[in-house]
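Have a look at these structures, which come just after this line.
In what follows, chain A forms one complex with chain B and a second complex with chain C.
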Partner chain A sequence: MKIVTLPRLMLVLAIVLAAIYLFPLYWMYVTSLKGQSEIFANPPTFWPRDPDFSIFPETWERRHVGMFLGNSLVIGTGVTALTVLLGTGCAYVLARYRSAWIDVGLFTILMLQVLPASVMITPLYVGFNQLGLLNYPRTAVVLAASAKAIPFYIVLVRATFMNVPRELEEAALVDGNSRWGAFFFVVLPLARNGVLVLAILTFMQAFGEYIYSKSIITTQAYQPASVGLSGFLGPNSTDWNGIMAYAAMYVTPIVAIFVILQRRIVAGLTSGALK
Partner chain B sequence: MTVQIEMRNIEKHYGAFHALKNVDLDIEKGSFVALVGPSGCGKSTLLRSIAGLESITSGTLKIAGEPMQGVPPRKRDVAMVFQSYALYPHMTVEQNLTYSLRWKKVPKEERSKRAREVAETIGLTELLGRYPRELSGGQRQRVAMGRAIIRSPKAFLFDEPLSNLDASLRVQMRKEVRALHDRLGATSVYVTHDQIEAMTMADFVVVMRGGVIEQRGRPLELYDQPANKFVGGFIGSPAMNFVAAKGADDGHSIVLDGFGQETLDVGRKVEAGRPLIAGLRPEHLRIADGGTGFHLQVGTVEQTGSTTYLVNGPGDFTMVQNERTDVKEGDSVALSIDPKQVHLFDAETELRV
Partner chain C sequence: MRRILSSVRDGVGFDILLVSLTMIFLFALAGMPLVYNVMMSFQEVDMFNLGTFWRPFVGLENYQAVLSQPEFGLVMKNTAFFVFGSIAGQFSLGFLLAIFFMAKFPFASTIRGVFLVSWVMPGLVVGALWGWILAGDFGVLNAILKSLGIIDSTLFWKSDPSLSIWAVTMANIWLGLAFNMMLLSVGLAAIPRDVYEAAELDGANAFQRFTSITVPMMRATIGAVLALGLIYTLQQFDLFPAITEGGPANSSSVAQYWAWQRSFVLFDFAKGATISMMMLIFVFIASVVYVASTRHEVRE
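Up next is the complex of A and B:
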């Protein structure tokens, strides 16, 4: 009996934990549809009595959600492009050569990952100021956030490249490819899944980037959605359904991407773990 | 005969490790040469150096008369078959076969025509549209061969291509590879650690150890006249028995260690008292009817039906009998040794005497 029930118990436990973890997401959607008085009703209602969808277009207009999301998109795309462009080649080299210096390099890269953004921002701000980069605030954020994202990207994409057998590359070299050709036509197509997944994760992370944007971008017109959201919160803020509607519009695209690609992402993250 | 691959004084260092030591080797056009040796002997390094996948530290390598110093693999016009087959997993069989032609700018129709011809040669016609993961081990092996054949290269390089196949398929592929070589009139260099493969397939066998070529020659030459103790022990299965020996006083006999004072007349001049190593192949030893001076204590007896293996006596001594015997463990048998089949090596240099 015990043997049969234990997996089932674990499944129930997993569902309960997932429900607790996802509850805020549900609460966000539900609250955005409630009226002002219903939000503070006690006991709370788990389904809005009178769902009001007009909050979405209204908040979109009033809070410039389109502009903020546009900036988030620019930053997310910029960070992803820079990370993939620089990180892929770096990860490949680190995967193909074995030496003490490579280990030192990897260690250094991992150390970069350890430093929190809130510690890095002051020296970065000073440096960017000296270089005049603060006049191009979104570019500055893209640079800073890429520096943060690349170590993580390199370490994981390197693992993907290490799963591509070296002999395939050698076969391509003998078959008439240069090293570049072998990389682009044999190695990269085989590492495609890993690169794609890491690119998506990088994008999602950069899409929600907050600390660098908050510190570097002072002009509201260039701020991303994460900073825009914090503009709601003041000591006397009462616009709860507006905040929730804004948050819903912000996260729904990310959640949608994840749901659509979830199978691929999970497969990409576990590939290599199992042969 | 023209020389297709010429190697002169080739040296290869990996940091402090000396992988190839002064390798000199000519491979004639149209010949099938096997490189054999225990793992780490440098045979794969030599093959990869020919392909250009490894650089050589010094020495000259010429393919079809052209020096290969600094020439990348793609410009050497050699084809290689890898141990793991190294088929491109994201391409169909046809794309795998024609991959090299893509880079030679062969037009598409010509490419698929050649792919069909090659597929016919190696019996893969129905599989052209499949992916490597949908093929069996033997089929993958054939695709790897086909990918080499389609190029009509200056030389075929094989890096232990049969070692991932099961035993019966390996025997069959041995014949097919050799037949293919003959049909194409190709030049082949074949690396293997399996001396049976080398002996049965090759025109010439090159035995290597520790980065040095120990001996090269036709398969039977290596078997009949091993240049040193290592080659004697490496070629032949089960391995040759080695017994310490000494030249007897009469100048043409030897005394075998562990077999009493009995002398064996080897019919050659042997300096009296000279320390030697006698090499006795297990298959050249017979159980004598009458008593000889050589007695062997039998340890284990292994019957396979056609042959009987007797093991033990002094120092894991092995005998192979082609007929059944009723000798049992613990018996003492008299040995008859054919003096013509005794190999003598110097105890110091281990070179053939």
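Up next is the complex of A and C:
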């Protein structure tokens, strides 16, 4: 009797815990659907009395959500492309050999991973200013954010490459492939899933990037959604259903991708993060 | 020339090419700025000489100026509170959840995975959600606490100087909790089951099993998670502009936000660089702990 009910009880408890933890997300969607007066009702209602979806098109129009999300997409895509391009090969080499030089390389990358963006932004901004890169603000942000993303990406993708058997690559080389051929046609396809998951993770991070964009991009037409949101968010905000509607439109694609790929993302993260 | 080309195609040149491209990029966009930051912290930087490298050298003047700022002590105190509060909350709650989810029941790993959604959300959105939850008169947290009878007057989380740092710390605990849980779960899963079974046969109770098996065997994991916690907490920036903007009167400002404000609100880049340098010392201490606890894999 006890054996049958205990797992059930644990399952119920787990769902309750998850519900408490994800309450902020639920509260965002519920608030966005409430009318202006219901938001300030005391005590608050936990289900909108009269769900009103018109806030979404209205906020989209008024807060230029389309334009901001477009810029986030440009920055996210740029960072992901550059990170995958530069990080994948490096991670492969760092996984392939064991020597003192590889240790030095890994140590350097681990050290670069820990530099806070708030520390790097001051010298990057002044340096970009001197190089004239501030005239291409989105490119500048892509460069800065890639430098932040690459070390993290390398550490995790390296763990994926470690799982590819060396023998397969050696067999390909014996069969007359060049190193390029062995890498692109044998090793990379075998590591495809890990690389893909981490590319998606890189994209999600870059899609939400804030500090570099806020500091570097001053023209509103080039700002990403995070900076757009900060424009009407602060300690004295009152337009809460607008903010929540904006946040919902911004975050729903990311949450959807996460839910679909959850198992793989968790596996990709845990395989390398602690190693 | 041909030897180099053939090495790139068939030999070690291929590896060197792949690594060096990345290293050059990282050197230009992370290494150089770091050196430049050190340089600026010893220079006088203003709007007129922003475009040149050779600015007047002022020795330790910037450091003295930062130390003598009236808000310096407050910001350091807030940073310490934010860092230790966040790590303590994330780690203890994360550990409890990780242990809970080690139990065998249906969908355990799926439900555990769902928690990680907090970690992939943009920091500014998390800040917006918590800014609304913590709102004074209409925030849902106050309403819940009141209905549970825990508080009887409204708490102004964001505008009360004695609570504002709690507001950002709570939001950061929520944000980082799932990541801590996930890493600790990996560590827990690596402990062989039969060690526990043997201890149970020997009559060790749950608490004894935890202190004499779980904690010692998790030592490397715990070290890495705590060090990563320190690193990520010092990197956390987005919650501050979203929730309190460091206010009221710097009561919730921390070193990373203060440094950014110096550079990008007051355009005092030298002081921004100087505060950053002071922060980097802590970051490097954390990195050494992190690398030391992951050394076994790096050396392998």
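Basically, the second predicted complex is superposed on the first by the 245 of 275 C-alpha atoms of A that agree within 3 Å, B and C clash if a C-alpha of one lies under 4 Å from a C-alpha of the other, contacts with A are read in each partner's own complex, and residues count from 1 in each chain.
Just so it is clear, contacts are C-beta pairs under 8 Å (C-beta built on N, C-alpha and C of every residue); 3 or more make two chains touch, one makes a residue touch a chain.
Since the model is a prediction, treat every value here as computed from it, not as a measurement.
S.K.: After the overlay on chain A, what do you see for chain B versus chain C, clash or fit?
M.R.: Aligned on chain A, chain C fits beside chain B.
S.K.: Looking at the overlay, does A:Gly76 come into contact with chain B only (first), chain C only (second), both, or neither?
M.R.: In the superposed model, A:Gly76 contacts neither chain B nor chain C.
S.K.: In the superposed arrangement, which partner chain does A:Ser178 touch: chain B (first), chain C (second), both, or neither?
M.R.: In the superposed model, A:Ser178 contacts both chain B and chain C.
S.K.: Should A:Gly242 be classified as contacting the first partner (chain B), the second (chain C), both, or neither?
M.R.: It touches nothing on chain B or chain C.
S.K.: What is the value, to the nearest 10 degrees, of the angle subtended at the Cα centroid of chain A by the Cα centroids of chain B and chain C?
M.R.: About 90 degrees between chain B and chain C, seen from chain A.
S.K.: I'd like to know which partner A:Phe40 touches here: chain B for first, chain C for second, both or neither.
M.R.: A:Phe40 contacts chain C only, not chain B.
S.K.: So in the superposed three-chain picture, is A:Ile150 touching just chain B, just chain C, both, or none of them (first/second/both/neither)?
M.R.: A:Ile150 contacts chain C only, not chain B.
S.K.: Could you look at A:Gly194 and tell me whether it touches chain B, chain C, both or neither (first, second, both, neither)?
M.R.: In the superposition, A:Gly194 touches no partner, neither chain B nor chain C.
S.K.: Quick one: name whichever of chain B and chain C touches more residues of chain A.
M.R.: In the superposed model, C touches more residues of chain A.
S.K.: Report the closest approach of chain B and chain C over their C-alpha atoms in the superposed model, as a whole number of Å.
M.R.: 7
S.K.: For chain A, what residues appear in both contact lists, the one with chain B and the one with chain C?
M.R.: 178
S.K.: Chain C touches which residues of chain A in the complex?
M.R.: Contact set of chain A toward chain C: 6-8, 10-11, 13-15, 17-18, 21-22, 24-25, 27-28, 31, 39-40, 42-44, 86-87, 89-90, 92-94, 96-98, 103, 105-112, 114-127, 129-130, 143-144, 146-148, 150-151, 154, 178-180, 183, 201, 204-205, 207-211, 214-215, 225-226, 229-230, 233-235, 237, 240, 243-244, 247, 250-251, 254-255, 258-259, 262-263, 265-266, 269-270, 273-275.
S.K.: Quick one: in the complex, what on chain C touches chain A?
M.R.: The contact residues of chain C facing chain A are 9-11, 14-15, 18-19, 21-23, 25-26, 29-34, 36-37, 40, 45, 50-53, 97, 100-101, 103-118, 120-133, 135, 137-138, 140, 143, 147, 158-159, 174, 177-178, 182-183, 185-187, 221, 224, 228, 231, 234-235, 237-238, 241-245, 247-248, 256-257, 259-260, 263-264, 269, 272-273, 276, 279-280, 283-284, 286-287, 290-291, 294, 297-300.
S.K.: List the residues on chain B that touch chain A in their complex, please.
M.R.: Residues 51-53, 72-74, 76, 78-80, 82-84, 86, 88-90, 99-100, 102-104, 147, 151.
S.K.: Touching chain B in the complex: which residues of chain A?
M.R.: 165, 167-168, 170-178, 181, 186, 189-190
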